Amino acid sequence: MFVPSVTNPIGDFVRNLVPQVTAYLPVAFQSETLDSVVAFLINAVICIIAVCAVNIGSAPILIYMERKVCAHVQCRLGPMRLGWHGTIQTIADVLKMLFKEVYAPSGADKLMFYTAPMIVLIAPFMVCALIPFSKDLVVADVSMGIPLIIAVNGFGVLGILLGGWSSNNKYSLLGALRSGAQIISYEISFAMILLFVVMISGSTNLMDITMSQQGTVFDWWIFKIPVLGFIAFILFFISSTAEMNRAPFDIAEAEQELTGGYHTEYNGTPFAMFYLAEYIALVTNSALATTCFLGGFHAPCIGFAPVDNVLNMVPGLVWFFGKVFFMIWCYMMVRWTFVRPRVDQLMDFEWKFLLPVNLVLLTAGAAWIAISG
Amino acid sequence: MGIINLAPKILDPIPGGKYVVNAIDYVVNWARANSIWPLTYGTSCCAIEMMSSSMARYDIARFGSEVFRSSPRQADLFILAGTITRRMAPAIQMLWEQIPGPKYAIAMGACTISGGPFIYDNYSVVRGAQNLIPVDVFVPGCPPRPEALFHGLLTLREKILKETCRNPWQVGEPKDVSTMDRYREAAKTWAALEEMKDEEMAEARAKFKEENPDYKSSFKPIRIKKEDFPEVERVPFKRMGLTQSDIYAKLKEKFPAVMVHTHSEDPVEDVVAAMPADRPLEVMVTPEDYLPMVEFIKDEASLKMDYLIDIVGIDYDDHFDVVSQFRSMEHGHKLFLCLQLKKDFSIPEEQRATALLAHAPSISHLYPAAEFKEREVYDMFGIDFVGHPDQRRIFLDDDFVGYPLRKDFTHPEMIRRPV
Amino acid sequence: MTGMLPPGFRIQRETNTEEFFINMGPQHPSTHGALRLALRMDGETIVELVPHFGYIHRGMEKQAESMSYLQYIALSDRQDYLTAIQNNLGVVIALEKGMNIGVPEKAEYIRVMLQELGRIASHLVFFACFGGDLGGQTCLLYGFKEREMIHDILEEVTGSRLTTNFFRPGGSRYDVPDTFIPRVKAFLDHMDDTMKDYERFLSKNIIVLERSKGIGILSKEDAIAYGCSGPVLRASGVNFDVRRANPYSIYDSFDFEVPVTYNGDCYDRYTVRIAEIHESMKILRQCIDRFPTEGPWRSKEKPVRLPVGRYYSEIETAKGLYATYVVAATTGEKPYRIHTRGPSFPHIAALNKMVQGHKISDLVTILATLDPVIPEIDR
């Protein structure tokens, strides 16, 4: 009998533990199949809880952070009244949205209307399961990590298209179509840069990619390949910003033009799901950037043993989230600094600039591998 | 929402259950009161103060309300910033209905409270937002300062904190546009109160005089010293281009019937020559001469009136004046053509208020600017512009009865200004 | 191949597209108030635009007929609330022409200084909205930040932040306080540095350049024919500024330039306004140097009664030509009719000409650079 299993360190631990526990049970319950099924179920529950905790737990923190970063860029204070410096402001927001009336506009396709936000939310959750947070902390340590991420990431656009289509609103439709065109275009450069990483690291497994950056700061892929790595990182930054529909590439929402784009007609909990998906995507994309370019959970060693020893004493999880939040901060600063390009300029930028540059980068990366061996 | 409203029915009969209901109330109200997202909406001056309140100096974000949503479906609070006109009223009601509950409204500024400066002699302003939608908090001012808006916001917060799911928030029915005039009621009550107060004061004064017959007030009013200002003679502003006499002479040569409106007995030439330098020449034109004259002043090289400033209508007892104001970009002189249109009194008297009483030639093919200006004159005076490509009402609804800038215009909602 | 298709099916040789309509407003974040634009669209491209006005038509002209002349000054605040102090002067000059009274020197200086402060304030709002409508929310905040300083000055002088109601025939309501000149000086010094930041923020930003250059071109002929004025007209290459063309108050005694650009696109309208802020600051500096501390701040107070006649005044507000036409049919305190010509109305009339063939995002840019204030259109 085939029993699916999750390959990760915690999974292994549970798998070892279950036969030891079942050994105390009556003989009738002792079978290898049952053990593996139970182990799998326990594993799956732990993983789901972990992924949900990371994602849903980080979203309110990020929303608070976004509001504070935005406020300080704009010479304001931001939320101040609820909790110390407004720290629990987002909790109030989330609670309020949960208690709000939910309805679909007349003429909307109700099934599609309520399915769309769920689809949007699934994609970043699935990506999150593939990210190695620490040496022992990865939900699914699959060998085809990068292709899976590329496949799953493109899934979210389906929800946006459905949401825009089913809302029965022209602004929503325009926003959804813009978003569809944009994400599908930028998917190409997004995938190409990940391919570049796969090529130089020699693996599609995210854990292997992380482990290939072991050593000092200068072993991270952003610095390891002179110039090329940095260019690849910048290109990844741009295309992932577009992937996430974040400003300055938020033409799908474009509040000044389309009053909110695809989520114009959403309210209450479904809207909160769109909102949540946006921020979870921010986490997963930052985590991806960290894994592929910034050495994942490795400490930023500098090659000087006394300092490195101190840095290595800090757990990998802390380094990982430190880097992720630095990336998120970068995304936020970009968002509140730049103005939005027009829809056709955005497409021109992808097809006429990013894609050729990516192809050149891929070739140059291959040449570098050939030269350096 | 619905589940929470069921909570008191289920939990209240259970011993200790009402404490749970109270706890739910507390949490829900805390969330609602502290996360009020307003709708991006503003029509006039108050909107700018509303914007100021979200800007760096005042920063509405401190209260967690900086998330201005442009879609009503994600908003909680409807800040009615700015005057509400009858034409805007249906849109406001629709926006209000689109906001999912629980929703709140703040009426910002005098216009949304009572009509503000637009109470009297007005045919288009709704006197108070409470005639359209249920309003929670009124913020007075014209426009209110951002601090006042914050006070309104905090007052609303207190109001929300007093809500309970035992008596759940309900969607109020929007009211009809053409309802009562709250101002009149308020004025009557106010006058009654004033009378009572006066009587009480008179009694108290009489009583005081009885008790203290030799009391003398030591109060002396302080008078502000009135400054003496000198009389200053007015110096007319500099004139550019041709003088009024030159323009008049050129017009007279081509169109002998041209006239200048004057009360004095002097010859017209002298009157024109005596005009102050900064006063534009205004000549009277007959409808027949109007179009040729506009063409003439546009094409004539020495005049070259290529810029239409405005078209103004004026209503008199028996005729309309349509003043077209031209300017020459090249030379800098101005010329006003006053077209006199006799009212068509062959229309029966009871139909006159809604009928087009005069016809004028349109100049919109010569000046594209005239297209909208003529529509405005048509809308306000009921003057038909012959040859206008798109003659529709511009400021008022198509089903509006009458032409408001005529002197005999009446509207059922209009209140006369007390003299 | 066609023979093999089931009946009723045809091979589509061209993509079949259909035009559709979009309604923008009256409640829309970038229509600057209660303006409604009906758009005929082909995909994202605008084929035709029809503006609908009247959502904030408050019948000011009808009301004015039962008001005294002085009361109308307060109404003029509420037309273009961003340049309220300038509208006051427009009405007051028309009244002065009718009453035939002059203004002492100090009052003229107060007028010019407040005019230019109002102009800077309005252009700062333009800067804010232009950046904001392009998607840079931070610009919105920055523009309003400096505007608050002007509001502080206005509040100290006139008693109100926005609706000033300050000028009167013969001068103004009050004298300016002693702190007025130092405050303006401090503001100008602060503004010098800030303007550099602002220009670094938008003027050389590549996305802004891409989005505003060559967008919404208004030719010189069209600009004149549609009756545009102010920065919109000057960006199209017409050197027309009432302060120079028909100088009122004491504007002919100042040394300043009228910025003119020749492309007539969105970027030019932006640069003209930024240059105008610099010119206004130049005028303010000259005012500070020459400000008469002694002397009367208004002429002899007289009842505001206009003799029979028609009086016309025009001034240059931040938006353009603001003209007031007063008709007095009887000598008295009430007008027979007052008409105001606001600068925004012709600009919106010319909008259809500018947006055709552009994307819906460009419409937002163009509308922001026209800088309309809807209550002034509808009155």
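Residue numbering begins at 1 within each chain, and the chains themselves are lettered A, B and C in the order written.
Quick note on the criterion: contacts are C-beta pairs under 8 Å (C-beta built on N, C-alpha and C of every residue); 3 or more make two chains touch, one makes a residue touch a chain.
All values derive from a computational prediction rather than experimental measurement.
Colleague: Where are there more C-beta contacts: B-C or A-B?
Modeller: B-C
Colleague: I'd like the most central chain, judged by C-alpha centroids against the all-protein C-alpha centroid.
Modeller: Taking the mean of C-alpha atoms per chain, the most central one is C.
Colleague: Just the number, please: Cα centre separation of chain A and chain C in whole Å.
Modeller: 46
Colleague: So what's the Cα centroid distance for chain B and chain C, whole Å?
Modeller: It comes to 18 Å between the two C-alpha centres.
Colleague: Where the centres are mean C-alpha positions, what is the separation of chain A from chain B, in Å?
Modeller: Those two chain centres are 51 Å apart.
Colleague: When you check chain B against every other chain, which residues touch at least two of them?
Modeller: As it turns out, chain B has residues touching two or more other chains at 55-56, 70.
Colleague: Two-or-more-chain contact residues of chain A, please, as numbers and ranges.
Modeller: 74-76, 255, 259 - these are the residues of chain A that touch more than one other chain.
Colleague: Quick check: what residues of chain C touch more than one other chain, meaning two or more?
Modeller: 28-29, 141-142, 145
Colleague: Please name which positions on chain A make contact with chain C in the complex.
Modeller: Residue list for chain A touching chain C: 70, 73-76, 170-171, 174, 178, 247-248, 250-251, 254-259, 336-345.
Colleague: Flag every residue of chain A that touches chain B in the complex, lowest number first.
Modeller: It is residues 67, 71, 74-82, 86, 89, 91-93, 95-96, 99-103, 105, 255, 259-260, 263-268, 271 of chain A that touch chain B.
Colleague: Considering only the defined contacts, which chain B positions touch chain A in the complex?
Modeller: Interface residues on chain B, with respect to chain A: 1, 4, 27-28, 30-32, 34-35, 55-56, 59, 61-64, 66-67, 69-71, 73-74, 76, 100-102.
Colleague: Which of the residues in chain C end up touching chain A in this complex?
Modeller: Chain C residues touching chain A: 20, 22, 28-30, 44, 131-139, 141-142, 145, 202, 205, 207-208, 210-211, 359-364.
Colleague: Where on chain C is chain B touching in the complex?
Modeller: 26-29, 33-34, 53-63, 65-67, 74-75, 77-78, 81-82, 96-97, 100-104, 125, 140-142, 144-145, 147-148, 151, 161-163, 170-171, 222, 224-227, 238, 240, 245-248, 252, 296, 298-301, 308, 310, 312, 314, 321, 323, 325, 327, 329, 336-337, 339, 341, 345-346, 349-350, 374-375, 378
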